[in-house]
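These notes are about the structure you will find just below.
The letters A, B, C and D name the chains in turn, as written, and every chain counts its residues from 1.
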Amino acid sequence: MNSSLNFIGMEVSVIGLGLVLMLADLFVPAERRRFIGYLGIGVLGLLLLFSLGGDGSCSTFGSVFNGSFVNDPLSLFFKRFFLVAAILVLFIAAEFSDRLSEGSIAEYYSLIVFALAGMLFAASANDFVMLFVSVELITITFYVLVSYQRSKIAALEAGVKYLILGALSSAFMVFGIALIWGTTGKLNFTELAAVAGQYGDSKIFLLGVLLVLVGLGFKIAAFPFQIWAPDVYQGAPTPTTAFLAVGSKAAGFVLLLRVLFSAVPSVTAQWGNLLIVISGITILYGNLCALPQRNLKRLLGYSSISHAGYLLLGVAALNASGQAAILYYLAGYLFTVLAGFLVIALVLRHLDTEDISGLAGLNQRSPLLAATMTISMVSLAGIPPLAGFFGKFLLIKSAVEAAQLTCNHGYYCLIFTALAGVVISLYYYFGVIKVMYWSKEAKDLTIIELSAPAKVTAWVCILGIFWLGLFPNTVLNMANAAAAVFAVVVK
Amino acid sequence: MKYEILPWLILFLPLLSAAVITLFTLRCKTTSSLISIGAIVAGFVMTVVFINANGFHPAVSETMTNWLNFGGPLQIDFGLKLDALSLMMLLIVTGVGGAIHIYSYGYMDEDPSKARFFAFLSLFTFSMLGIVLANNFVMMFIFWELVGVSSYLLIGFWYEKPSAGDAAKKAFITNRLGDFGFLAGILMVWGLLGSLNFGVLKGAMETNPAALGCCATIAGLLVFCGAVGKSAQFPLHVWLPDAMEGPTPVSALIHAATMVAAGVYMLCRTLFLYTPDALHVIAYIGGFTALLAALIAVQQNDIKRIIAYSTLSQLGYMVMAVGLAGPTPAMFHLTTHAFFKALLFLSAGSVILGMHHEQDIWQMGNLRKKMPITFVTFLIGALALSGLWPLSGFFSKDSILGQAYGQHNYLLFIIGVFIAGLTTFYTFRLFFVVFFGQEKSKAASHAHESSLVITLPLIVLAVFSAIGGLIGIEGIYHYNFPIEGEQSAGFIAALFEPFKASPVAALLGLLAFAIGLVAAWALYAKAATDPLPAKLGGMATAMKNKFYFDELYEATFIRAHDGIAAVVNWIDQWILEGCGIGLVRGGTNLSGRMLRHLQTGNLQTYAFLFVLGVSLVLYFVLRK
Amino acid sequence: MHVGLQHYLAVSMILFCLGLLGVILRRNLLVIYMSLELMLNAANLALVSFSRFNDKLDGQVLVFFIITVAAAEVAVGLALIVALFRKRQSAHVEDLTSMKL
Amino acid sequence: MTTSILTYIAGWPIIAALVLLVVPRNYRVIIRAIAVLATLISAVLAVKMFCQFVPGANGFQFEQQIPWVDSLGISYHVGVDGLNVGLILMGAIVAFAATLCSFEIQTREKEFYILLLVMSGGILGAFASLDLFFFYFLHELALIPTFIMIGVWGRGEKKNYATFQITLYLSLGALIALVGLIALYVASGANTFDIPKIIEHAKTNPLATNVQNFIFPLLLFGFGILVSLWPFHSWAPLGYGVAPSPTAMLHAGVLKKFGLYGLIRIALPVLPAALTTPILSPSFFNHFPFGWLPAFTQHWLLNLTWPYVLALLCVGNILYVGWVAMRQRDLNMLIGNSSVAHMGFIFLGIASLSLIGISGAILIMVAHGFLAALTFALSGYIYKQTGSLEMSELGGLCRKLPFIGTALLMAAMAGCGLPGFANFAGEVTVFFGAWKVFPAITFIALWGALVIGGIYMTRAIRNVLHGPLPEKWNTMADASHVWRKLPYALLLASLLVFGFWPRLLTDKINPDADKIVERVTAPAKAMDKVLVQADNSGVRN
């Protein structure tokens, strides 16, 4: 038992941290509460260092709790990922704290940390119970996080929409789990994988798997479960949106990967076409809807849908390079999206609307922020030398490999759909750049003063984007090692 | 071969001079002109030295270096061909050209851009020498083009005059049309024979006359297109009269003595290519051009234009001669024509200078008193052009008529004789109106003789125009185009040779001269206005308007080509850009706008869509 | 009549669909939310009956998890709906359309 | 391994860009000096490299290889052979000239120079790169600078539309090419992005014909869009029309050659079967209802090969775009269209698949690089002085701008293929190369080169330089001091040098072009083997 607790040391510390932050609220005077966030950042940073140093709890590979909790390269990759994301989001939240004054900011921090705990569990989930609990932990915290600005009607509206649709998807997922368990009698992924092949013809079983995928599809905002994303992205406080875009989506993906390639690999192998279609439509839907969009956060909401589509391309490829590509892409996406939301949080926080025109003249107001936003948009579009390019490159490569291996022309159709999507997306991403550099709408040209942490965050994001774009070796090796987890299952 | 370096120096000195003037001495008018004159005069001297050392028929006739090399299939040399044909042309170009350069020194004295003028002249000389010396098709084409562009630059020398700019453009494009055929012909010949070198090609054609196969005539005519453009043959003759917008020395050098003769030279150089059919076409085009131009010349009033049309007509003669398988007469006429036509142009230039840049002959009159030297030189030129025995023009023109007669092509022969008469008529129409009668304007009464630097070249050229037929030029060309039968030797023999060789041609030619002269005297000796329009009516108007060729081309080819361009541009703008790109762009945008209406904002719709999505996925997977 | 697994599953399926219809058709947020709970309970019923007929207890355990999670969800959800009601004096979904397109 | 001179050539501009990042923006002189110095150094190094290059030496010269991403077989690998030696020289000189011409930029200079340097370094690196990934990667570096430069410093009312069109169009082309390159990488089975290794591997294990037939169009149209192959050309005139002149110089001069270089460097040697086999299989008419077509049309369709299709498309470039150029009223649009038209000759040379044609194509690529840079630099100068390039408003500028006017005249003449300039040498070579393969198309191309080119270029001269000088342009000033004249003089001199001595280039190109032609034409006998293999396996894994 003791050793089991060692395995979940990181999760436990994170939950502890959440409690500490919440309690700290009681002892810290109101005007200094935003600095509580830096405490959280510090602790999470330490955990990250441990995990990178290789002697943290999460780097001991193995499984505990009857195999329901597993530590392997995949979970390690995602735990680091979530830690980085949470740290950066806490930075953003600290900058954004004056807009969150209705509730206590410390509670907001602790909710982020609790969501992080859910994500960490999700990274290690290896059975349906753990999957369900971690998903719910994330989702329920996000209900609160989304509607945190209680005085803003939009935030409440977003919260309710997320709540109802989230609960709906949970219901589907739970029902799906029930059907899977009912037909196979297994909840553990590893055990299920051993028997799943026998149930390939059982419609009830397939229905169950599909319903679970519906729940996960909701989390990653894939078509046709993407409908909530724009509204929630728009209404939620910016740090929440950022965490939603990065953390929640990544958690969805790690679970999706586990279910598809660990739990039911034999079923997944039949679903290439389904995944191709979903991926293609998701890409087109996100990009097309974003095209006329003027609200920045809503724009990023649509863009996040399209990125779910690109990521699904790696899933649809059904091969190891596709899975590695997803991980790499997510890593790049982390820095890229957080860079974007950082700028939005800093620049638009005093404006009522989040219209793109709010960025007008940003190049004069703060060259660093303009550069950060530009790099973020360019990386989202997937253009060298930035992270987004290398990620898309890997994704396309995996799809081409799949196409040549299977002779399925659907893959090429999907690739060209993705290309069309990229070209469409250039239009709106570059539209943002245009506004910052040469829009005529610029009226307010006051210089934006940046706090030191904000600058640090911006630079971390920029360097991260360049690092992943220029020196892909380290992370790519990690991603390859993580993806190798599934190869074992297949054999 | 002695002094092998000399031809290279002759060729490149003018280029060097052009470069030096452009780069360094554009501000010094005198230095620049001296550099340019020095280059061409040195060229003349070196040519003479070279001919002295090697004769007109050097043992080794080529010297070359490789310009582009692609192994076996394509080797483009930069080589010089040195035989009688090219050496004689060298003499003409550097000699006549040198005289014109010196003349320009005086003529352009007042112009602020004199340095630029001499740079262009040197560039032209370089290009012309290149054509003359080229030993292969590509090199000839290179200089062919360079000649075209230097003529473009010189015609447009006074570029601020819109008419000069337009004329330059017209000359360039018209020449380009010819070059288009020329290059296609070159490619065709290369494709079939695998070589570009004139010597090699000639050898190949001699060993196997059918080497070109079925394309022989087409290939020949395509190459001929080049000559049509450059030598301003029908139907590309329209640019030459307009080219008179350039300064007069330019007209003399380029549009009379040298460049326009390049077409004829090229035809002679590549004579081995042409099938009888092709030669037939060439001959008739030449004859028709000669007739057409002579008719138009009768009703022109601009002193330079009259001479320009005369040039056209004489070029028609030469081309006709080539077409009648007579390269020697053609080259002979080319040579004498270079003398007397340059002389006529320069004299006309002297007149224009004296008249303060008035070019309408009906504003002149009675100039023989005011400009005696010009009067005399002009007279010699006119007589030589008209073919009065024993001036040079008589001999060369007679050899062409003799060729036509000898080939039993009586139609062309009669046309030739008729043109000879017309030539005399329009030349002396000009002569009488300008130098006789009353002063028809104030400028004419204040006219003055030009300075020595202008008249000296006139005198030199006049001498050559007079005796050009008697100094054995024809014999030199026989090195290249040997004929059977013995040559009459001796000066006196040469003097009466034509009457011996083809008496019909010689006598009819002289008769035509006499008729033309008498007619011109009768009509124009005292005329103050032109009496012809009244007599000829519509025909005169047509002649005055150049038989409406410009208008015809404007209305047909140019409009058609511009029309195609306009249609294509429209397609580009509206179909490709508008419909193609516009539709993609608009379609994408529209689908985005439509699609996002799914996001109604209503939670219940969302839930419904969510469930619909689930059902869709379930159906997709579980339908089987 | 012998009541077997199919019957329980049928009931659970019907409950699930009823819940679904409620979510789609009812306008009041609270009712929608209750319908959602109905769907969760349909899943619970299925789990329990599978558990009973397969003689395995995992399902029962999972049901406990679900109930707990649902409770948390309800706590948060009701709070949210109440906050919204205070703000808008309405709990109807049609009023929640400030963000769209 | 020592650092290759190529790394320095491409690296100096990039380093300078990084240095500029920390230079305060009001130190204008220093910013300029750094930019000029960096490009000057790389130009000088490029000249040195060009002179040291040994023609016909086996393999690549000045090679350098550093492993980059091991798991994918990506490495930083640079080297030159005859195919790219001239392009690098041209690129470096044009980059230097463009930096000098950037003196006309007066606002936000720091950003401008940074973008310009990134663009220059990237494209030089792309030409030097022997690794598929870096080849693509370094080229794409230029996309963002292009977008921002045109957007911020561009001119005219259509700026926004043109900026987006050029960006989207170019990315589309680049992405299609990327898919082709990745497909090539995957299909080759060599598990490396190293170009020489892929070519070597393809020699012994040729790709199946149907795979080649699939990849080749991707590369052709992907690269084709980047080179403004008809009918995907409309971005070019529009984009160059609004771009600031240094951007247009670099883009039209250097970047545009990337696609062509890619076709020659990669597509031809690796995909020889795609070039020689018909595109449509005989079963085509079973699947598609074209049976009603006349027999000779069917026959024609069945014998269609990709080079022939390319040759047909380049008629679009030469004739169609030439005609469009004839109708332009704006000088920049005219130059832009003419630059598109020139691409047709290069395509024609490539399509001929002959040594002469390909050598000629590379010769034109180099020549056109200098020429396009020169013309856009000149039009930029005039625009700076007049604020308009509408030809009806200009005229007689030779009087006020003797130097610029003369340079423009020479550029126009070079543009319509006048001997003495490098363009002529290239074009005439291409005509010779293409004549034996596509006589009819060459004939048409001649019309485009000699007549249409002549018409629009002389029209431009007539309208801009000749004629009376309008009153309002009396205040114009010619390029006066040496630095202002240098870029034009440099580019003109380069055109003349290669025009007079094209062998400087062709002798270097020929041995390597010969290898490519050999790869394409020789393995006709190996074809049977490939066909059998294709029938058996469908796709190679």
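We take it that a contact is a pair of C-beta atoms (placed from the backbone, for glycine too) under 8 Å apart; a residue touches a chain by one contact, two chains touch by 3 or more.
As the structure is a computational prediction, the values presented were derived from the model and not from experiment.
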{"item": "Chain whose Cα mean lies nearest the overall Cα mean", "value": "D"}
{"item": "Higher-contact pair (C-beta pairs counted), A-C versus B-C", "value": "A-C"}
{"item": "CA centroid of chain A to CA centroid of chain C, Å", "value": "27"}
{"item": "Interchain centroid distance [CA atoms averaged], chain B/chain C, Å", "value": "96"}
{"item": "Between chain B and chain D, centroid-to-centroid distance (C-alpha), Å", "value": "37"}
{"item": "Centre-of-Cα separation between chain B and chain A, whole angstrom", "value": "77"}
{"item": "Residue list for chain C, restricted to those that touch at least two other chains", "value": "23, 32, 96, 98-100"}
{"item": "Contacts with two or more other chains, residues of chain A listed in rising order", "value": "160-161, 164, 168, 172, 230-231"}
{"item": "Listing of all chain pairs that touch each other, if any do", "value": "A-B, A-C, A-D, B-C, B-D"}
{"item": "Complex contact set, residues of chain A against chain D", "value": "374, 378, 381, 383-385, 389, 393, 396-397, 400-401, 403-405, 407, 415-416, 419, 422-423, 426-427, 430, 433-434, 437-438, 472-473, 476-477, 480"}
{"item": "Chain C partner contacts - residues on chain A that touch it in the complex", "value": "128-129, 132-133, 136, 140, 143-144, 147, 150-151, 153-154, 156-161, 163-164, 167-168, 170-172, 174-175, 177-179, 181-182, 185, 187, 230-231, 234-235, 298"}
{"item": "Residue numbers on chain B that touch chain C, as the complex places them", "value": "596-597, 599-604, 607-608, 611"}
{"item": "Residues on chain D engaged by chain A in the complex (per definition of touch)", "value": "68-72, 133, 136-138, 140-141, 143-144, 147-148, 151-152, 160, 163-164, 167-168, 171-172, 175-176, 178-179, 182-183, 185-187, 211, 538-541"}
{"item": "Chain B to chain D touching residues, read off their complex", "value": "22, 26, 66-71, 73-74, 138, 141-143, 145-146, 149, 152, 156, 159-160, 162, 164-166, 168-169, 172-173, 176-177, 179-180, 183-184, 187-188, 190-191, 561-562, 564-566, 568-569, 572, 576-577, 580-581"}
